[in-house]
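Mind having a look at this structure? Questions to follow.
In order of appearance the chains are A, B, C and D, and numbering begins at 1 in each one.
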Amino acid sequence: MRIGILTGGGDCPGLNAVIRAVVRAGITEYGDEVVGFRDGWRGVLDGDVVALDVAATRGLLPRGGTVLGTSRTNPYAVEGGPERLLATLERLDIDALVPVGGEDTLGVANRLAAAGVRCVGVPKTIDNDLDATDYTFGFDTAVGVASEAIDRLHTTGDSHHRALVVEVMGRHAGWIALHAGMSGGATVVLVPERPFDVDAVVKHCQHRFDSGFSPIVVVSEGAVPADGHLTTTSGQRDAFGHERLGGIGEALARVIEERTGRESRAVVLGHVQRGGTPTPFDRVLATRFGLAAVRAVHEGASGVMVALRGTDIVQVPLAEAIAQLKLVPLERYAEAEVFFG
Amino acid sequence: MRIGILTGGGDCPGLNAVIRAVVRAGITEYGDEVVGFRDGWRGVLDGDVVALDVAATRGLLPRGGTVLGTSRTNPYAVEGGPERLLATLERLDIDALVPVGGEDTLGVANRLAAAGVRCVGVPKTIDNDLDATDYTFGFDTAVGVASEAIDRLHTTGDSHHRALVVEVMGRHAGWIALHAGMSGGATVVLVPERPFDVDAVVKHCQHRFDSGFSPIVVVSEGAVPADGHLTTTSGQRDAFGHERLGGIGEALARVIEERTGRESRAVVLGHVQRGGTPTPFDRVLATRFGLAAVRAVHEGASGVMVALRGTDIVQVPLAEAIAQLKLVPLERYAEAEVFFG
Amino acid sequence: MRIGILTGGGDCPGLNAVIRAVVRAGITEYGDEVVGFRDGWRGVLDGDVVALDVAATRGLLPRGGTVLGTSRTNPYAVEGGPERLLATLERLDIDALVPVGGEDTLGVANRLAAAGVRCVGVPKTIDNDLDATDYTFGFDTAVGVASEAIDRLHTTGDSHHRALVVEVMGRHAGWIALHAGMSGGATVVLVPERPFDVDAVVKHCQHRFDSGFSPIVVVSEGAVPADGHLTTTSGQRDAFGHERLGGIGEALARVIEERTGRESRAVVLGHVQRGGTPTPFDRVLATRFGLAAVRAVHEGASGVMVALRGTDIVQVPLAEAIAQLKLVPLERYAEAEVFFG
Amino acid sequence: MRIGILTGGGDCPGLNAVIRAVVRAGITEYGDEVVGFRDGWRGVLDGDVVALDVAATRGLLPRGGTVLGTSRTNPYAVEGGPERLLATLERLDIDALVPVGGEDTLGVANRLAAAGVRCVGVPKTIDNDLDATDYTFGFDTAVGVASEAIDRLHTTGDSHHRALVVEVMGRHAGWIALHAGMSGGATVVLVPERPFDVDAVVKHCQHRFDSGFSPIVVVSEGAVPADGHLTTTSGQRDAFGHERLGGIGEALARVIEERTGRESRAVVLGHVQRGGTPTPFDRVLATRFGLAAVRAVHEGASGVMVALRGTDIVQVPLAEAIAQLKLVPLERYAEAEVFFG
């Protein structure tokens, strides 16, 4: 068979491990040919393709990002997009596609499968917010980066008797904040799923200061206060004389400083969370996903996504997999709350 | 309630995180008192005990090992042991025990529970070979240490055109070898569950050399050749003039060198795999286990062990949990085999 | 003798290693008593002191920050400050002081020494900008954090074909940017010592994009454009509807995006650079500094600072040590420039 | 000019960074052509050569080992070797050589320079035992690996109340043991330069046990007891029924166990110390060495080696550089001794 692989959406540690696994498993187990499309669906639209053999996968397993590049191109939002996809697949004799991506990328795969193209998706979201799989690769690496940062911040916070607010990724789901916060011994963890009470946050910080240590607040970038805004009177000016206003992390640091009278600082971890070598957990998961996708293709599956359930790799219908986000449930957040303060 | 906690058997990253979680959850959620027994069941036998409050748990979450110490003492193998256990628990007004350990430690807990002592176990095995739980804490950390070592060894192997054999922990189960090997892109992975064919190992190594790279063989300390021995003619002498003979790692390195004609070296990772700060995965799992154990105690459970199933923490009967080892199944090993050579 | 130790100014990985070395060397080699003042000179002003013995130093070597706490209190700016310092030292029978700090902390030490108090300083500046010593501890750790972040950012930048600007510490001296940039293979490195030409930065980024890779710009927080400002027309709004304006990193990312037409993002590493466990280089240096300070005290030295010259620890007059900042010299910057683009 | 580069002897983190620096600096600053000889002097003997351009150096900076390969081939020990070297250089129009290596590799370079070939050496020894340079790249990385292992071993040692002996690289010079031991807070450090007293080692370990903690002994592979042997009565048998006898690490562990009555274990770090990504210190040093070598070539230097003195890169005559090993001086060892026990 000729299998095409592509990676779409935000990049993620483990993408290269999936690519390697698809190429090596396809070639070794089934004698497949494998080609890679560049920059997600954009490469399929444009027929921008590269042949992938075993030699091309040397060194990919531990490498972050994706050698195929990625984009957020949605072919169904492009004039004549669907026709161009099919034309490319026809012209290149592609028997099956393995799209690696999140909600958007897999949504396209689902429509293509309905149109008769054999598609087996591999789930990818660094935020771990795809339903139907216990975990996605990249998440463990992101939590690792955030957790190591929190470890570092504890000592500087305590030395200066100041609060530190760590803003991590997570627009809609707070998994990174939850895990990094539990792993790092955060004083408070704030997630998008639970609009937070500023007074309670301040109270936990005060309690932590009172016990002789400095608070670390871990906040998802998408977390919001329950009353819709943070009142704050102070302003900082940047090097150019403009008032500096940050995201939720900086806003929280300001309010904690005002209310506790202690210095508070924000750290926005940003893009370092999604780069770099994947953890072993993510490398193994990505490898198993890639292998399972190739096997699924050869079993004749289509319109499905590989997924982790416990320690097993299973197949789930794409339609079901992308139906809704996987949010942090109340009881998981309640576990973290036991350790607040 | 007054809860006693103890840690038995080999140490493991995450033990301190369990201790912290039991103490903080007990005190914060239920107003419990918590005491720690020193050196596993030895401390219960001798009434060697320390009171644990929140202050005592400061800094424990990221710290490897166990501040309570550990031992392999089996009170049922000691004259009058069971009576001394009960006497200690009575004298110290212990309402419930949370023993953290593997097969042996939890076997004692099971017998104590049968004798009427409220016992909720927490599973611990760095080898990940306890049945009834998807993962145990410490395993991810051990895999991380081994995987990082393999990453390092690839570059030195390739530079010198030599084979490297990495011996990792795992007497009866090959989980660490399997995961570290898949994560590190090993040329071959050998586990105790599958007696190996020396010729096949040599062939894979030769194939790797032929493709211009150097082989890395990852072998569990408990792996054995299918024909019961490795024939080898060469001998090295140590600094004291004695012939040096190592474990399976060194024996394999010798045979690969002889058969391929290329330099081969063994690295025995040893104790570094079980020390040091736990990974975030292990810290979160250990924390959830500790919390779940305290909750189980307060729900009236006994004779059970907390366990991970998918993303949930559940309870399983101790008797069932320790009935058999969790070995690497054939299909998991077959996944790794796809990438050999 | 009775020796007092204190840590002042911004915290730094290695401070605890100095404290441990002073305590252990004093007690073991000379039978000294050692006390620690809390929060820098504030603790001397207030007589806020803690006795330090060998047991108190257990676990300090690998630990970031300072267990003594720190502050920026300048006793010479406080009403009656100098008298209060002397009164505390008299009352507590302190024979000698070992102040650990930067320009400000050591400036106070210099004045105290002139007033007859035996003072041997230990240099501390994470920015490595103290003249008279080749390196200060903490710098290598900060460079390590920044360099690892750059490693991670390369893969995400390349996957998304976007530029990344990494803002690192360094208000007046660009040592961290220089070393992290050279270590991370930065496309451009910008330091406070050299006002930069925005056009040249954009040109280097464009060149890097043209060669098929994504640029990484490493910029000291104190770097400034040669023409005094960055013209930029776009504005982002934060979650609260306010225009978001960052420091030099964000301003640069905006201008690179506008001029190259490629997505650009800023990452501000912030406080993670100064927290966490020190690297071996910093632990060894801090330990040698602490030991040398104790020895200097016993040799009768005062008004001096220990310093690294090549591989030797030497003594230099405090007055000379704090006379001027150590800036990145032209020829060192020129070395980095060879690798730009 | 046409410059040839080669890497000889044991591999070392930072070799690829030197290669990258020579190629990029040569091409960018001087318009040179650069070729690489494979496997050290073997490649010059055989004319085994690869052209190196900027594209060939992509990704080399953070990568361990050497893409050119290495060997211990000594052309002066080969029949007709010197003539073959000269013939290759003539045939390939090589104007200058940059050999990267230790005593042996640079010794050849010295003889070639005397024969009229322009040679500028770059020092390489992971053991840091080359005289005439303050540090060599790779050393800091090796110390980092060893120090992290020691950090991990502390927690497992303390949990089990057992002694751990860590054997590190260093046949003739104890620099790795000295720095890793000081960085890791070792109970004792043993180096080849100082034959050790077994009784003193045991006494320090006993003292450490008595204070409630577990000893870590760091020993260079080349360290020897003062009385020439370690008496030991116990023997372990390996999986094949043979008595297992290790190097100095295992011998020490046995004797500590016998004399203190406490369990003792050896860990031999081995090849992981020389593999993997170089630390920032090593990357910067290697880059500066490579750049300085190219500049030296263009200044007309020959028969010299670049070297680090303080923070400066200087040139020293090859003859002088290889005249003797740089050993750990008494006063540096005495610094470490202050912290023993």
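In this section, contacts are C-beta pairs under 8 Å (C-beta built on N, C-alpha and C of every residue); 3 or more make two chains touch, one makes a residue touch a chain.
The chain lineup, named per UniProt: A, B, C, D = Pyrophosphate--fructose 6-phosphate 1-phosphotransferase.
Being a predicted model, the structure only gives us computed values, none of them experimental.
Shared contact partners of subunit C and subunit D do not exist in this assembly.
Note that among the pairs C-D, B-D or A-C, C-D reproduces the A-B interface, with over half of its contact pairs the same by residue number.
Chain centres here are C-alpha means, and the one lying farthest from subunit D is A. A separation of 33 Å divides the Cα centre of subunit A from that of subunit C.
Centroid to centroid, with C-alpha atoms defining each point, subunit A and subunit D lie 40 Å apart.
Shown for subunit C are the residues that touch two or more other chains, namely 151.
Shown here, the protein chains touch around one cycle, each chain meeting exactly two partners.
Touching subunit C in their complex are the following residues of subunit A: 7, 10-11, 13, 15, 39, 63-66, 69-70, 145, 148-149, 151-161, 164, 224, 229-230, 238-240, 242-248, 251, 265-268, 270-272, 274-276. Contact residues on subunit A toward subunit B in their complex (touch as defined above): 21, 24-25, 28-29, 58, 61-62, 134-135, 140, 143-144, 147, 151, 179-180, 182-185, 213, 277, 279-281, 283-284, 287-288, 291, 309-311, 335, 338-339.
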